[in-house]
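Each chain carries a letter (A, B, C and D) given by its place in the written order, and its residues are counted from 1.
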Amino acid sequence: MAKTWKEWMKPLLELEELIEKLRAAAAKETDPVEHERLEAKVHDFERRRDAVLNVMITRMGPWEEVLMARAEPRPYTLDYVDAMFTEFTELAGDRRVGDDKAVVGGPARLDERPVMVLGHQKGRNLQERTFRNFAMCKPEGYRKAIRLFEMAERFRMPVVTFVDTPAADPGVESESRGISEAIADSMRVMFSLTVPVVSVVIGEGGSGGAIGIAAANEVLMQEHAIYSVIPPEGCAAILWRDPAKGPQAAAALRLTARSAGELGLVDRVLPEPFGGAHRDPVEAADTVKRAVLESLAALDRMGPNEVKRHRYDRFRRMGVYETV
Amino acid sequence: MSMGQSPTPGRFVQCANCRKTLFLAEFLRDLKVCGHCGHHHRLTWQERVEATFDPGTFEETDTGLRSVDPLEFPEYREKHVAAMAKTGMADSVVGGRARIEGRRVSVAVADFHFMGGSMGSVAGEKVTRALERGCDELMPVVAFCASGGARMQEGLLSLMQMAKTTAAVERCRSEGVPFIAVFTDPTMAGVLASYASVADVILAEPRALVGFAGARVSKQAQVVKAPDDFQTAEFCLRAGMVDAIVHRRELRDHLGRLVGALGAHLAPKEALVG
Amino acid sequence: MSMGQSPTPGRFVQCANCRKTLFLAEFLRDLKVCGHCGHHHRLTWQERVEATFDPGTFEETDTGLRSVDPLEFPEYREKHVAAMAKTGMADSVVGGRARIEGRRVSVAVADFHFMGGSMGSVAGEKVTRALERGCDELMPVVAFCASGGARMQEGLLSLMQMAKTTAAVERCRSEGVPFIAVFTDPTMAGVLASYASVADVILAEPRALVGFAGARVSKQAQVVKAPDDFQTAEFCLRAGMVDAIVHRRELRDHLGRLVGALGAHLAPKEALVG
Amino acid sequence: MAKTWKEWMKPLLELEELIEKLRAAAAKETDPVEHERLEAKVHDFERRRDAVLNVMITRMGPWEEVLMARAEPRPYTLDYVDAMFTEFTELAGDRRVGDDKAVVGGPARLDERPVMVLGHQKGRNLQERTFRNFAMCKPEGYRKAIRLFEMAERFRMPVVTFVDTPAADPGVESESRGISEAIADSMRVMFSLTVPVVSVVIGEGGSGGAIGIAAANEVLMQEHAIYSVIPPEGCAAILWRDPAKGPQAAAALRLTARSAGELGLVDRVLPEPFGGAHRDPVEAADTVKRAVLESLAALDRMGPNEVKRHRYDRFRRMGVYETV
């Protein structure tokens, strides 16, 4: 099976490349007959492209969902922030040791209303990815988040978080600055808030790294995002001593949005443009924005203590067991 | 201490660390701490209860909770049944009430022998109930951690136990109920990154393994050289993550003092409750 | 910007950093930022007010406060009188009310030209009143810091201004009043280690000197090598101590957005107050 | 003038050494006559010692107070903790980057009552001094303090702090981890507490390093402690470009306990055993303990919000200026 989104999407990407070339040729062509012939060819290949995409998307299994959630062209947090909010003003630093570029946040306006926005941030190219540490937060990232959450509480601003991380940073430095404590404390502070919190899983919901900023009143999840207690490759390595069995592990872990919805662990699964959010980022952001507004509208009907209680109760219910 | 869980049969045992031969009777009297090198061997939950709480005061709660297999995860049922058979436990955590030097506490004790102490729905629920019991009955909460992390086989449900237990710790904070965690060997990953790390006071047993990621992953991930004692209790103390490393022999006394001082304000409320 | 405080007379000035010659008119229009190297020259409090707040909205408060010489400290009176004569100010901080992009704010502006912006009883009182005014009149507080630290000549009284101003910041926090500090060149020692550092949001001007101890002391004190930009705004940003470094030209807009978003919840209360 | 306590006390210390030798000789002496002669000599030298001490102590100026506050044999925080409290249980760590040995703290009992104790800790010998970083706190020290203060608030424990530091640590590492923010935030958190806080300046009250843990409802100060906005040597270096003029600066800064009392900046000046706390540590601790108990008894009569308000008002009044 394909190991990356690009590998999986190869037939489609090749077709699209071809279409681009034909289109360029058509645009340059001065002979009307030849021009028409090329245009027809473009349309023909577009139909083929749509058919291929249709098959690929409708046949997506858990592993393809993993690849899609990790897809390079997928919109990232700052793309959604740009599309959904105005007046975003980034705040930096944990007031302790540094500013973690793997997470961005600050006040913004959602249809005029002040909110605190925060999310993991991936990079588009190698340089950006390195700068963002592949969206793997260090302790200072969670402590920046805590600072922003507490500010939101003081100034009665709802919080919106975007979740998109493979995992928290597992390095020696992170360990020695208390990555575990930072994740736990970020969750703890979220549970202390009396302002509404909505989280949206937009890509990879990678275990502790994800839940650290997702202890929300409502958790929304995009159709092609994943949410998992362990990366499928890691799970496969433990279970079958073979990281290559990621696809099997992905199936076993039930990490798709649909599964999370069925288990009642996310509140809404948000449809994406056909083929993935990157195929129409404007539409994708619009869907997310409407859903966030709806969630906030529902939470606005509660008083501050009720909001806090609602969040507690939401997570309190989680867990499947029987009583004998 | 009972001899039920002795590591080897017969009158002698071998220290897992220094390989010296120890008299079994002495080893058990020393709470499974090696008399030569001081290595703290892992305890079963019963041994922990006996070593820590006032004799006869432990009362188990939430005994009816049973794990199911919500994801129908490969081999989970079989592994779980085997763990039950091996340990006599229903899952990796035992909850209850007890006394330490006369003082009432709510308790959660993890046992590494049950599926590596991993936290799934049942363990998460028991820890949460222990914390909520502290709030409801106005007594400090003491949790013994011993876990490799979240229980993979329950998928996202296990991840949510991190949030659920942490929420309960925040409830304790806002209601003024002290929560003391004891990191025993090992305290890792999803357990460390949730309720364990946000305890008011954290004690650790000497040389306990304590960390977020597997040491191999951590060391691979960065150019920074890991110190020799990376991911041990001693490393955590130096990093400011742990309040004290306490010898098992002194743990009861240490906990008693803390529970007494931090929980004293609950007493008048307790009197009101009855 | 007024030309009253121009660094040199005539049609030209020299940049204190790159030494390039600049048209005075251009220099002033650029808010005393060098057009060549971007160096942000220090402003007087009047220049700061003009550069930041909506025209004509600044209204000075607490104009009657005067420093005394409580310790009869050597040469303090003389130095103070000289500073008053030089700057036309009563002390190193000016308090007031103003508007930023239409929004009401309570303001404290320090001026380094008055005894190095040092904080004694009067400066401490004015900063405290600015913070309290924010609470009493339900408006965000903006402080421009420019100080070498506490005013030695008032001894322990100056040290107590650190606590007093910090207490007022805590009052703002508990009453939900946003407090934004702007670190300008320099923001040091007793000012940095009190109200300035506990602001909700901290902005800094490029290359502003920001630090606790004199750089010489810091570097002497340890074997660790100081980076080249040690104790600059840039260093602070990297160290997580500052939210953003903002060009003087963009400061008004930046502050306006922040004041608007963080102070919006005060508006309904304000309406009630009248 | 003397630069250190030892240099200043040299005549006295020499006499005491001599007395010790004579005493030892007397104890060994078997001949009764010679024994008596030696004993008499001991008494004689003791009288001389007392006379010298009397002169030295009664003639103490601000600079001698500086030397006394820094005296090596002076009792330190842990000495007072041992003498005044029971069941002290040290807590370590800031849950961020480390444990600062320059400050110690934890719950203890003050006549059975649970309190949170915290203080700067000096070392007796070079090794200890290095271990304690000369009682100069790094950011992690103030963040440990914050953790303990917040714990005291949750569990309704009064806080007692002991102040004894030349200054906060001024190093590059401290600067890069936000020493200023740490000091300020520690003060800020102290002002947020609704449990009573009593601080005792027992040695050097060194500027920001001191006030960082001294934002208390009542501040007590031992007779021979000092409290200053800047070390006198530093002040002299700035004023007269001559650090050797510390004595003049000490006088100008009014850094003695008496001056602090007269300025109304400390609530009580606590008498020490004649010649300094180290000459009778038991009595010294007893005096401090009684004073702390009295302060707490007064604060106990207030409700939680009143306690917080009282602390605010205490510092709010500070500052001397006129209004025209």
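Observations on the model:
The working rule: contacts are C-beta pairs under 8 Å (C-beta built on N, C-alpha and C of every residue); 3 or more make two chains touch, one makes a residue touch a chain.
Because the structure is a prediction, the values reported are computed rather than measured.
Looking at which of A-B and B-D shares more C-beta pairs in contact, the answer is the pair A-B. We define each chain's centre as the mean of its Cα atoms; on that basis chain A and chain B are separated by 34 Å.
The mean-CA centres of chain A and chain D are about 54 angstrom from one another, to the nearest whole unit. Centroid to centroid, with C-alpha atoms defining each point, chain B and chain D lie 40 Å apart.
Rounded to whole angstrom units, the spacing between the C-alpha centres of chain B and chain C is 51.
The set of chain D residues that touch two or more partner chains comprises 95-97, 176-178, 181, 185.
Within chain B, residues 173, 197, 239-241 each touch two or more of the remaining chains.
Viewed as a network of touching protein chains, the structure does not reduce to a path, ring, star or complete graph. Pairwise chain contacts in this structure: A-B, A-C, A-D, B-D, C-D. Residues 173, 176, 178, 197, 200-201, 237-244, 254, 257-258, 260-265 of chain B are the ones that touch chain D when the two sit in their complex. Touching chain D in their complex are the following residues of chain A: 95-97, 139, 143, 176-178, 181, 185. Put simply, chain D touches chain B in their complex at residues 87, 89-99, 107-109, 114, 140, 144, 151, 154-157.
By the touch criterion stated above, chain D contacts chain C in their complex at residues 168-181, 183-185, 187-189, 191-192, 207-208, 210-212, 214-215, 227-230, 235, 238-239, 252-255, 259-260, 263, 265, 311-312, 315-316, 318-324.
Chain B contributes residues 64-68, 70-71, 73-75, 120-122, 124-125, 128, 150, 152, 154-164, 166-171, 173-174, 189-190, 192-198, 211-213, 217-219, 221-222, 224-226, 230-231, 235, 239-241 to its touches with chain A in the complex.
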